[in-house]
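These notes open a run of structures that come right after.
Paired with subunit B in one complex and with subunit C in the other, subunit A is shared by the two complexes that follow.
Here is the complex of A and B:
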C-alpha cells in the first residue's frame, strides 16, 4: 500500500460557491476516501421561527436559500395551508408553478455556469450566466425582485401577473428556447466537456436508491422519481415529463438538468395558456395548530419541511431537510477512485447548496 | 453558434459600465421603501409586521417614523399592511 495523504478540499476553494470541507484521503493522485466537515455557515434560521409570527416567517423561509428561494417559501406556505385547511385559488396555484419553474431554469443555468467554471470552461460559464440574466430580469419584471421574489403568502400569492406580463413571459421563454437550442447541443457534444464528465463520479441506480439520492442526481442514475408527479400546485393540470438518464456520471447529471430546462419552458407555456382567472389569495384567519410534513421538488431535489404549531401566532418548531443534505451521502460514494483533478467537477455535479443544508 | 461567436466578437459587451451606465429600474420593482409622512397616522402596523425589525414608530405625543434601510429586506410586507397607504415601494434603489 502506498503512502496516504490527506488533502483538505475547502472550506475556501476557487470552485466552491459555499463553504464545505472535504478531507480527501489520497493515494498518489487517486481519492481513497472523502470525509466531510460541515458547520461553517450555520445561521440558526430554524430557531428564529420561534421569535417571528408565521406570516413573517414566509420571508424567513425564502432566505434559507439564495437560489431556490421562492420554492422554499412555497413549501412553507403549502405546509401551513395544509395545517390550517386553506384551499388556495386556482390562479395562485398556476402563478406559483410559473414562478417556480422560471426559478428552476435560473438555478440550472447558474449550476451549468458553475460546473463549466469547475473544469475551466469560462465561455460556457459566461454564456450560461448571460442567459440567466434574461431569467432574472423576467423575475424582476413579474415579481418585483430578481431572487427574493417575496410573492408567496399563506393563502395564495401576493402579486398577480397581468395579461401583458404573461405575454412578456412567453416572449422571454421563446427567446430562452432559442438560446438553449443554440448552446445546449454544443455543450453536450463538446469533446473537452465529455472528456471531463463522461464516466466521472459514477453513481449506480442501486447506490442512488440505497443512499437516498434526490432530484437530478437520482434521476441521472435511472431513478424516475420527481415529487412534481404528485400534482401539487398546478402540476396535476399542466403535466410534465420526468427527464432521466441511466449512466449515473457527471455527464448524465448535466444532461438531466439540460433536459429539465427545456421541460420547464414547456410547462411555463402550458401554464400560461391554461391560466384561470380569479382571485390570487384567500384571507387566512387564526393561528396554526397541529403538525405537518410538507414536501416539494426543488431544482436540486425534494425538500422536506416539518412544521408544528400550537395555536400561537409563532410556530413551535420548523425543521428543514434540504436536497443537498440528502445528496451528500451519494457524493461521498462518488468520490473514491476518482483523480484529484476530478473532485471539483464531481462536487459541483450534485449542485451543492451548503447555506440551505446548514440553514 | 457561429452567429453567436461573431456577435460576441464584434458586438457590444453583455455587461454595463456600472455605475456610469445604469439600467432603468423595471416598473413594479421593489427598490426601496418610501413613506409619505404627511399621510402617516403612526399606527405602528408596519413596525409590528416588519420581519427584519427595520421600522420604529414613535406614537403620541412625539409622533415619529424611523426606518433603517440597512436592516430592510425590501419584502414589501409593510406596504401591504399600511391602512392609509402612505408607504410605497420606489423602483429605484441606492439613491
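Here is the complex of A and C:
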C-alpha cells in the first residue's frame, strides 16, 4: 500500500469562492477519503430571528444567501402565509415565479463561469458572466436592485412590474436565448471541457438517493425530483419540464443546469403571457401561531424552512436547511478515486454555497 | 403540530427511523427547538414530495442517539445540534467534537436557552426548610 498523506484543500483556494476545507486523504495523486470542515462563516442568523419582528425577518432571510437571495425570502414568506392562512393574489404568485426563475438563470450562469474558471477556461468564465450581467441589469430594472431585490413580503410582493417592464423581460429573455444558442452548444461539445468533466466525480442514482442529494446534483444522477412539480407559486399554471441526466458525473451536472437555463426562459415567457391583473399583496394582521415546514426549489435544490410562532411578533424558532448542506454528504461520495487535479472541478460541480450552509 | 407527525421516544427512535428507510423515505434534516425545559427534536423525511416527521421530546440532560448508522447524511446535522444546542449525541459516524460549526473561543452552545436555576426549597417563616 502506498504511503497516505493528508492534504488540506481550502479554506483559501483559488477556485473556492467561499470558505470550506476538505481534508483529503491521498495515496500518491489519488483521493482515498475526504472530510469536510466548515465553520469559517457561521453568522448565527437563526438566533437573530428571536430578536426581530417576523416582518423584518423577510430581509434577514434574503440575506442568508447572496445568490438565491430572493428565493430565501419567498420560502420564508410562503411558510408564514401557510401558518397565518393567508392567500396571496394571483399576480403576486406570477411575479414570484418570474423573479425566481430569473434568479435561477443568474445563479446557473454564475456557477457555469466558476466551473469554467476551475479548469482554466477563462473564455467561458467571461462569457457566462457577461450574460449574467444582462440578467442582473434586468433585475435592477424590474425590482430596483441587482441581487437583494427586497420585493418579498408576507402576503405577496411589494413591487409590481409594469407592462413596459414585462415587455423588457421578454426582450431580455430573447436576447439571452440567442446568447445561449451560441455558447451553450460550444460548452457542451468542447473537447477540453469533456476531458475534464466526463466520467469525473460520479454519483450513482443509488448513492444520490441514499445520501439525500437534492437539486441538479440528484437530477444529474437520474432522480427526477424537483419541488416545483408541487405547483407552488404559479408553477401549477405555468408548468415546466424536469431536466434530468443519468451519468451522474460533472458533465451531467453541467448539462442539467444548461438545460434548466433554457427551461427557465420558457417558463418566464409563459408566465408573462398568462400574467393576471390585480393586486400584488394582501394586508396581513396578527402574529403567527403554530409551526410549519416550508419548502421550495432553489437553483441548488430543495431548501427547507422550519418556522414556529407562539403568537408574539418574534418567531420562536426558524431553522434553515440549505441545498448545499444536503449535498455535502454526496460530495464525499464523489471524491474517492479521483485525481487531486479533479477535486476543484468536482467541488464546483455541486455549486457549493457555504455562506447559506452555515447561516 | 406538523402534518404527518409521529411522536417517538429515545427507545423507539432508531426503529422508527429504520422503518422510514425501509419504506423508501429520503432523510431531509433534523430540527431542534429549545422549549426551555426540554428540546423538541424533529426528524424530517420525504417521499413523493410529502414530509413525514418524527418528534422526540428530549430532556435537557439526556443523550440523543445518532441515526447516522441508518442515514449517513444525518451525521452533519447531528454534529450541528451538538455545537449549537450542546446536546450530547451518541454513536455519531463522524464526531467533530463540538467543532463542526464553531471554533475554539466561540460561545458555548449559542442557541441553547439558559437552563432554569434549580428550584429553591421553600422555607417557613421561622427559616426552617420544608
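Here, the second predicted complex is superposed on the first by the 359 of 359 C-alpha atoms of A that agree within 3 Å, B and C clash if a C-alpha of one lies under 4 Å from a C-alpha of the other, contacts with A are read in each partner's own complex, and residues count from 1 in each chain.
Simple rule for what comes next: a contact is a pair of C-beta atoms (placed from the backbone, for glycine too) under 8 Å apart; a residue touches a chain by one contact, two chains touch by 3 or more.
Just so it is clear, the model here is predicted, and its values are computed rather than measured.
Look at A:141: by the touch rule set out above, it reaches subunit B but stays clear of subunit C.
Within the superposed three-chain model, A:150 lies in touch with subunit B and out of touch with subunit C [touch as defined at top]. Once chain A of one complex is fitted onto chain A of the other, the partner contacts of A:17 are absent, as it touches neither subunit B nor subunit C. Taking subunit B and subunit C in turn and counting the residues of subunit A each one touches, the greater count comes from C.
In the superposition on chain A, A:39 contacts subunit C only, with no contact to subunit B.
By the touch criterion defined above, A:199 lies against neither subunit B nor subunit C after alignment on the C-alpha atoms of chain A.
When the two complexes are laid over each other on chain A, subunit A has no residue in contact with both subunit B and subunit C. On the side of subunit A, the complex with subunit B involves touching residues 52, 55-57, 59-60, 63, 126-127, 130, 133, 137, 140-141, 144-145, 148, 150, 158, 182-183, 186. Considering their complex, residues 1-2, 26-29, 31-34, 42, 44, 49, 51, 53, 71-73, 75-77, 94, 99-103, 110-111 of subunit C touch subunit A.
Within the complex formed with subunit C, the subunit A residues making contact are 35-36, 38-39, 42, 44, 46-47, 209-212, 225, 227, 229-230, 290-293, 295, 302, 304, 306, 308, 316-317, 319, 321, 325-326, 328-329, 358.
Across the complex, subunit B meets subunit A through its residues 1, 3-4, 14, 26, 28-30, 49-51, 73-77, 80, 89.
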